[in-house]
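There are two complexes below, and they share chain A, which is joined by chain B in the first and by chain C in the second.
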Partner chain A sequence: MINIDKYAYASKLHQKNSIEKIAFAFITLCVCLWANSILPSLVILLVMTWVSVRKGGIPLPFFLKLLLLPMSFLILGVLMIAFQISNDPQQFVLSVPVFGTFLGFSKAGMETAVRLFFRALGAVSCLYYLSLNTPMVDLLSALRKLKCPKLLVELMSLIYRFIFILTETTETMVTAQNSRLGYSGLKAGYHSLGALAATLFIRAYKRSDQIYTAMEARGYDGDIIVLEEAVPYSWKGFLPAVLLNAFLIVSVLLARQYLGGLL
Partner chain B sequence: MKDYILETQALSYTYADGTRALKEITLGIKRGQTTAVLGGNGAGKSTLFLNFNGILKPSSGQVLFKEKPLDYSRKGLKELRRKVGIVFQDPDSQLFSANVYQDISFGAVNMKLPEREIRRRVDAAMERTRITHLKNKATHSLSFGQKKRVAIAGVLVMEPAVLVLDEPTAGLDPMGVSEIMKLLQETQKELGLSVVISTHEIDIVPLYCDFAYVMDQGEIILGGTPKEVFSEREAIRSVHLRLPRIGHLMEILTKKDDFAFAETAMTISEARTVLNGWKNERTTL
Partner chain C sequence: MNSKRIPMIASITLMLVLLPKNVFAMHIMEGFLPPVWCISWGVLTIPFLAYGLYSLRKITIEFPKLKLLLAMAGAFVFVLSSLKIPSVTGSCSHPTGTGLGAILFGPAIMSVLGVIVLLFQAILLAHGGLTTLGANTFSMAVVGPFVAYAVYIIVLKTKGSRSLAVFLAAALGDLATYITTAFQLAFAFPDPTGGVMASTVKFMSIFAVTQIPLAISEGILTVIIFNAIMNYLKDDEFQSLKIFSKEALR
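Up next is the complex of A and B:
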């Protein structure tokens, strides 16, 4: 997560207006979900990877590694969908008899599974494109401009800021515990982990108190309002989003009309 | 008194757990000067500072700003806090925003200023604290010294009349300490601010401060110019503090090596003057 943050700041696309990027990611995401077929999903996956790697300068291995992240859930979930139970072994491509019924993969089930697999991957790549090329701060200010509920945005921004302090504190404390052999055995390990959790909670609580005091000292009265640097955006910036998705939608519709649907 | 911008009269503060953090403190912060509050750990410096801008309300006694007792109503406090700005010791407890520019703007936005004025103030504060190049950085990627500067800038945007800094030099390297102190001195001179700092970095006091108070266990035990304060050697040492190194050297030279100086000295330049005077006196003899 902290790596994603680093790449987002280093990305060559980070200066670009974040609303343009959100539009690009979310419209494409919606089209990917709507199309629900393999080819458009693959196109989206490739486009998002290409934009992030070539335009954003995100290392390809890192992007692929991130794509592997949801793999275990995805494969498990997809397998469950592909699996079916039926009394009729004829409809299965591959099946095993279990207590008088049959367990197996049908052609239709496998198709659904594969489609779902690529659909999910395409959708995830859209989100990765957004999070790898947009620093959280820009994302938050875009959400504010898009009239996202204030409370939500404030919470997100505070959580984002203090995740770093929390990890830093945790790291220091774990190092200190380690250097006093806190994790040398199973029992010691459990004990140290418990102490760590308790202390972290108290620290966090105290910290929140201090932050509140400091904010009060700067005139806080219920709303966290800050001024942002204006990033210019133009209609031209939305062009990629519109073009890509228009192309996808038209080709999916045409394929449905004349070829009976894409894969 | 007229030249005090901030005053306390018999100020006492007792925490909810019964700790008497401040006991009948009476002191004054002079307008347009830098005042140091010295004291060991737990002397009550931070508690005193929180009383200065109404975050804590005295258990007894009172605080005066521009000769008027503090108004603890919502509106009064808001007014007070923009005039008495506090920079806290740990910048991580002060910076709440993930972006430097946004964090600095917070205080000015809360004053409901027009946007152009806010932007002007933010830019000026960043320039003053020399962090303009950091404005688009993420807060968590800054070094400790940089965070400290951002924290100071975040208070300067409110254009306070009094700038209160809790341990501004704690955790900085020697270069960082003198940079921060020079920056404060410059700011104080150019904007005509009154500055209050708490510190146990003894050597910076005679260099950068016009006035000093010494606190111990919730009480003020000494007050005066740095020279006056540090001439009370025994009192200083009894409260876990020490003389500036140069002052200590001069003391040892006088006591142990029988040098007869016309004056004491607390800083390098003062010591030079005194020593040169001593040399000239010898050559004329």
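Up next is the complex of A and C:
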């Protein structure tokens, strides 16, 4: 389940300054949304895949598998957008009559859909680049540096740690329930899942009590102060982000001016 | 015409039958919304988050212990949303846990926990996205919890049983989330001929097929969980939970 997290710690890029990586992913993501066209999206997809696989050492099959993850949402969503209802069958490329009106795909609808499909793929690859190469701990310290509310970041870092405790507890309990045929039928399944969630909540509650006591005994007074590994950052680190996006923006503007059309 | 019609009908039927049921899960994926809508939904969410953080700060200054309880609750919602609800058709779907959280901790705090959980789902599970975080937070961590909490209080005030209140709160909270998501998609992609309303109908029709059964199963599940938790709550050990919603857990 938390495979992405494991790859992030093992990534060859994990030593790089996290703010540089956030800038690279996020600016490219914004440009991808802004451009909203096929070719730039494909370029972004390729660049992000190449950087993650070659520079970060993420296995290509894993990256591709991740890209397939949102595919069912994407295909269904895109089809819904391409799909239209109208009384006039002339505007459709492909249509069926239903109860006196027509359902079908128009040229404009399909164009929006195709652009959206590639835009979403490009955007998703930016997200994957970030999450596969930046461990959560680094992301949180970057958020702290970017002046995110302190309480929010602190809550996030606590939740991140607790997720693993609770996941482990859940896995143990699910194994125990399965070995007693807890999920053999629908009724048993609901019963087991209810018991599992309730017990998990109670365990979490008690655990938080114990952790608080332990932390208080060690001088906790509302702040968790940790030493962070200082990763030097330089203006050079922002160069890839600036160059890639300047190139994309200029070429999109040129293409819009002189070519128009689908690109 | 006829030669075109048959493959079309066949493909739509196949699409509806073969796709797994949770494909249109409530998170809008990364890159799906145009920039204008990403920003608008984000801006709309900020006041709720600010209020949630404000009340959170007040509570944690008074009772520092509760910060850890809240963090555990956030992790609980994350883990809960990765569990599978058993279902008849063998399709897989996941509980959201927002209804339960809203009843136990109040909707304002739930919206802060919700945005954190959504961010973690985007980064750790590749579910949802960064630019769509605002829209997803609005539907799942603002509308869902507030509707669930309002329903819960209303049913209790009209002397309905607690189980009924919990069931309706969770189920309607879920439905409100889906409806909001459908509207968000429709606003971003209005139908060229029918406008926003036609587009809402389109998106809503997929939700109706997949999400109504899901909302009902979430309702049933939440009742089971809530009753089990209430049994424990009689114990003195769990008094601090009542600080959050004195009204609801009386």
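List of remarks:
The criterion applied here is as follows: the second predicted complex is superposed on the first by the 247 of 263 C-alpha atoms of A that agree within 3 Å, B and C clash if a C-alpha of one lies under 4 Å from a C-alpha of the other, contacts with A are read in each partner's own complex, and residues count from 1 in each chain.
One rule holds in what follows: a contact is a pair of C-beta atoms (placed from the backbone, for glycine too) under 8 Å apart; a residue touches a chain by one contact, two chains touch by 3 or more.
The shown structure was predicted, so the numbers you read here are calculated from the model rather than taken from an experiment.
Superposition of the two structures on chain A shows chain C fitting alongside chain B with no clash. Using the contact criterion defined above for the overlaid structures, shared-chain residue A:G109 touches chain C, although it does not reach chain B. Once chain A of one complex is fitted onto chain A of the other, the partner contacts of A:V137 are limited to chain B, with no touch recorded for chain C.
By the document's definition of touching, of the two partners only chain C reaches A:G122; chain B does not. Judged by the touch definition given at the top, the superposed model places A:P61 against neither chain B nor chain C. Considering which of chain B and chain C touches more of chain A, the answer is C.
When the shared chain is aligned, chain C comes close enough to touch A:P149, but chain B does not. Shared-chain residue A:P232: touches no atom of chain B or chain C. In the superposition on chain A, A:D5 contacts both chain B and chain C. Touch criterion met: A:Y160 reaches chain B and chain C at once. Fitting both structures onto chain A leaves chain B and chain C with a minimum C-alpha separation of 7 Å. Counting contacts by the rule stated earlier, residues 5, 136, 158, 160, 165, 207, 211, 215, 220-221 of chain A appear in both its interface with chain B and its interface with chain C. Of all residues in chain C, those touching chain A in their complex are 4-5, 8-9, 15, 19-20, 23-25, 29-32, 34-35, 38, 53, 56-57, 60-61, 64-65, 67-76, 78-80, 82-83, 85-88, 95, 112-113, 116-117, 119-120, 122-127, 129-131, 185, 189, 191-194, 198, 202-203, 206, 217, 220-221, 224-225, 228-229, 232, 237-238, 241.
Interface of chain A with chain C (complex): residues 1-2, 4-5, 26, 29-30, 32-34, 36, 66, 69-70, 72-74, 76-77, 79-81, 83-86, 91, 94-96, 106, 108-109, 112, 116, 119-124, 126-128, 130-131, 136, 139, 149, 151-152, 154-156, 158-160, 162-163, 165-167, 170, 183, 186, 189-191, 193-202, 204-209, 211-212, 215, 220-222. Taken together, the chain A residues at the contact with chain B in this complex read 5, 9, 135-137, 140, 157-158, 160-161, 164-165, 207, 210-211, 213-221, 224-229. Chain contact summary for the complex, chain B toward chain A: residues 50, 53, 55, 78, 81-82, 85-86, 88, 90, 92-99, 101-103, 105-111, 115, 118-119, 122, 135-136, 138-141, 154-155, 158.
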